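Here's a structure for you.
Chains: A, B, C and D, in written order; residue numbering restarts at 1 for each.
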Amino acid sequence: MVRTEIAVIGAGPAGLSAAIECARAGAKVTLIDENAKPGGQLFKQIHKFFGSREHRAGIRGIRIGEQLLKEAQELNIDVWLNAEVCGIYRNSELWVVLNHTESRLVKADAIIIATGATENAVSFDGWSLPGVMGAGAAQTMINLHRVLPGDRILMIGSGNVGVIVSYQLLQAGADVAAIVEAAPRLGGYGVHTAKVRRAGVPFYTSHTVLEARGTDHVESAVIVELNDSWQPVSGTEKEFTVDTICIAAGLTPLTELAAGAGCQTCFIPTLGGHVPMHDEKMRTSIDTIFVAGDIAGVEEASTAMEEGRLAGIHAAAALGYYKPSEEQRLSAEVWQRLGVLRSGPFGQKRLDAKKDILNARRTISEKVQ
Amino acid sequence: MKKCSNCACGVKIDGTPSMEELQSSPGYPSEARIRKGPVAIIECVEAIPCNPCEPACPQGAITVGSDITALPVLDEEKCTGCGVCVAACPGLAIYVKDFTFEEERATILFPFEYLPLPVKGQIVEMTDRFGRTVCEGEVLLVNTSKRNSNTALIKAAYDKKHFEEVVSMRRLARA
Amino acid sequence: MDQKEKQNNDKDRLICRCEEITLGEIEQAIAEGCTTLNEVKRRTRAGMGLCQSRTCSKLIARIIAEKTGKPLSEVMPVTSRPPARPVKMDVFRSGDCDEKDN
Amino acid sequence: MKRIIEHPVLGRLEEAREVHIRVDGETIPAREGEMIAAALLANGKSVFRYTNKRHEARGIYCGIGRCTDCVMIVNGVPNVRTCVTPVEEGMVIETQQGIGHWGQEGEDGTD
């Protein structure tokens, strides 16, 4: 059995930030990730981030990832790679499988779960054909592995992921035939949609994908218009010759470890579905377990990093590494930056949803008392 | 694409802001200012938390304010059209256009993140907000300064008749 | 394609990619009384494959919610148990697993 | 399907040592350390397996090891997630039929 003070699960933007804060506070931290490289999905984010200078606005996600890794290295954080956390026991023990072959038990005084989210599916005829993939998969292929999954792409979903990945597919040298959105209005930021629109990519609002055609690979895609009650209007089908269909239909928090550990969840559709209840300190219904990033409600990398910091500060404080006054001061700084990121019409919805989680957590802790 | 293709549906349907949305936003310069010479055209019409344009401007001509979700406000008298904001905008939503470049031609400085890059003197297809070719353009400058972290800045001259529509150039075919 | 033909086609549409369970099979399970993800899973094997329902659980939840009128919050989630990742049996003979047993 | 050599943001693809893997009996080049799925895509292969019941083609779907759609038989081990398993020199990879099988085809050296 390996002893550590704080175990952080997931080395994406939230987990890295959390581990950095824990180490800064002086805690012994072990950062565990199932991938061969740390960074999570951050190294796929090759666009410049929004926010202000304190959120590293204007810097590409991939550079922010490099900065975080450098900080983690300078703080001598113990990083375990190719390490899958398969279960959490007794609120403090992690079952870790190394390189798919070897079991390890890690005992920690506090655990921060930052496992991120998984892409939602959309089912349609032919959606299991090779060539139909998550938008995130296409993004992984082009930006991490530097391989184009196809030459001509149809994107399903106009949220930020859909439009950003469309833009990045164009940058990688592919063509994007169209972006299809079931809702009557586009989901992503206007600056993102404008970038792909001026590259000639058309948007089809109130449309959905009906079918992927092809034998062993996608050869074309059929889309159809939706009426006001979201039903397909027959006769409005359009066929696009494409070799790839990307699905960007939102994300769902990866809560299996938290739920398996016994953390109570609540259902918040705006943030992706079931999320572990947590308080202002990012602490779940189990006192030793914290969450941060997309698992705590799907937002974006900038907010994930701030939440990671919060979880790190409070986990370290829970182990006595900060005096309450210091903890409060550091936490207030992060909350201020989070408040800024959650402002405006896009942020407000997430802010309200976050409040629902905090209220749910408060209710259960009152019940306990 | 639905209902109209040319149109004033706006950014949430067409994906690109309509002229109405642009002209009623505080970052879009007045007709009078445009006629005086190079000026920043800020095509940011949606309140998102973002403000790198503000500190980037050496003239202090762009204000977002403490609520960084506010739209950038252009002080068109202070703006010299220097173009620093063009590369600073993470959304690639700022251009500098010069109506006074020549008798017949205006110029645009725009961000471009595709390969291959054009070369100085090359004739390219200038495109509008919908990606349609509007007219030819002559590339005057290709700035690949490291400071802009791989966002190239391209300056091109094009027919003044299309002053407002042109925002970019068509991607060039890959070898 | 007329509406009926379309509906028949829909029945063949895959929902669970791993176990190759169709919309028709899931609707059948619901018709037979399944009202949660866990119940549909036990009845049809949808979500029991290699990916452990990571891809299809939300799709199935929506189908159940639509057919039964139950809110999504009550239909989801599936019970999570270790291992959270596919693990080879060999692993149980390795390292700390032995230690834990002893 | 091809490698992205020049990229406007990421720059030129770094040189990597070339390794060779055997895919269904055919030797193909790969970049050392890259994921099997990426090497296959770069070589124009997008069908990684055929399913058990409907015998339908499958390939990359999630690309990050969650969906298990891209599994193949790697060095005689079935159900290996190729999108998160790096290539190694001499690796033997087979298109998986159904639930696959243990042991390599042609292990006796006849190929």
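The definition used in the following text is that a contact is a pair of C-beta atoms (placed from the backbone, for glycine too) under 8 Å apart; a residue touches a chain by one contact, two chains touch by 3 or more.
Since we're looking at a predicted model, the values are computed, not measured.
Participant: I want to compare two interfaces, B-D and A-C. Which one has more contacting C-beta pairs?
Facilitator: Ranking B-D and A-C by C-beta contacts puts A-C first.
Participant: If you average the Cα atoms of chain B and of chain D to get two centres, how far apart are those centres in Å?
Facilitator: Centre-to-centre distance between chain B and chain D: 43 Å.
Participant: On a C-alpha centroid basis, what's the spacing between chain A and chain C, in Å?
Facilitator: 22
Participant: Would you mind pulling out the distance in Å between where the CA atoms of chain B average out and where those of chain C do?
Facilitator: The computed centroid separation for chain B versus chain C comes out at 49 Å.
Participant: In whole angstrom, how far does the Cα centroid of chain A sit from the Cα centroid of chain D?
Facilitator: Once rounded, the distance between the two centres reads 26 Å.
Participant: Spell out, as numbers or ranges, the residues of chain B touching 2 or more other chains.
Facilitator: Answer for chain B, listing residues that touch two or more other chains: 113-115, 150.
Participant: Send over the residues of chain C in touch with two or more other chains.
Facilitator: Each of 14, 17, 54-55 in chain C touches at least two other chains.
Participant: Quick check on chain A: which residues sit in contact with 2+ other chains?
Facilitator: Residues 34, 60, 118, 128, 171, 173 of chain A each touch two or more of the other chains.
Participant: Report the complete set of touching chain pairs.
Facilitator: In this structure, the chains touch in these pairs: A-B, A-C, A-D, B-D, C-D.
Participant: Which of the residues in chain B come into contact with chain D in the complex?
Facilitator: 113-116, 150, 152
Participant: Going by the contact rule at the top, pick out the chain B residues touching chain A in the complex.
Facilitator: Per the touch definition, chain B meets chain A at residues 1-2, 11-17, 43-52, 55, 67-69, 88-93, 113-115, 127-132, 149-151, 167-168, 170-171, 174.
Participant: In the complex of these two chains, what residues of chain C are touching chain D?
Facilitator: It is residues 14, 17-18, 20, 49-51, 54-55, 86 of chain C that touch chain D.
Participant: Along chain A, where are the residues that touch chain B in the complex?
Facilitator: These residues of chain A touch chain B: 47-53, 57-60, 63, 158, 163, 170-171, 173, 178-179, 184-186, 189-207, 225, 340-347.
Participant: Going by the contact rule set out above, which residues of chain C touch chain A in the complex?
Facilitator: That would be residues 1, 3, 9, 13-15, 17, 23, 52, 54-56, 58-59, 72-73, 76-77, 79-85, 87-88, 90-92, 94-97, 99-100 of chain C.
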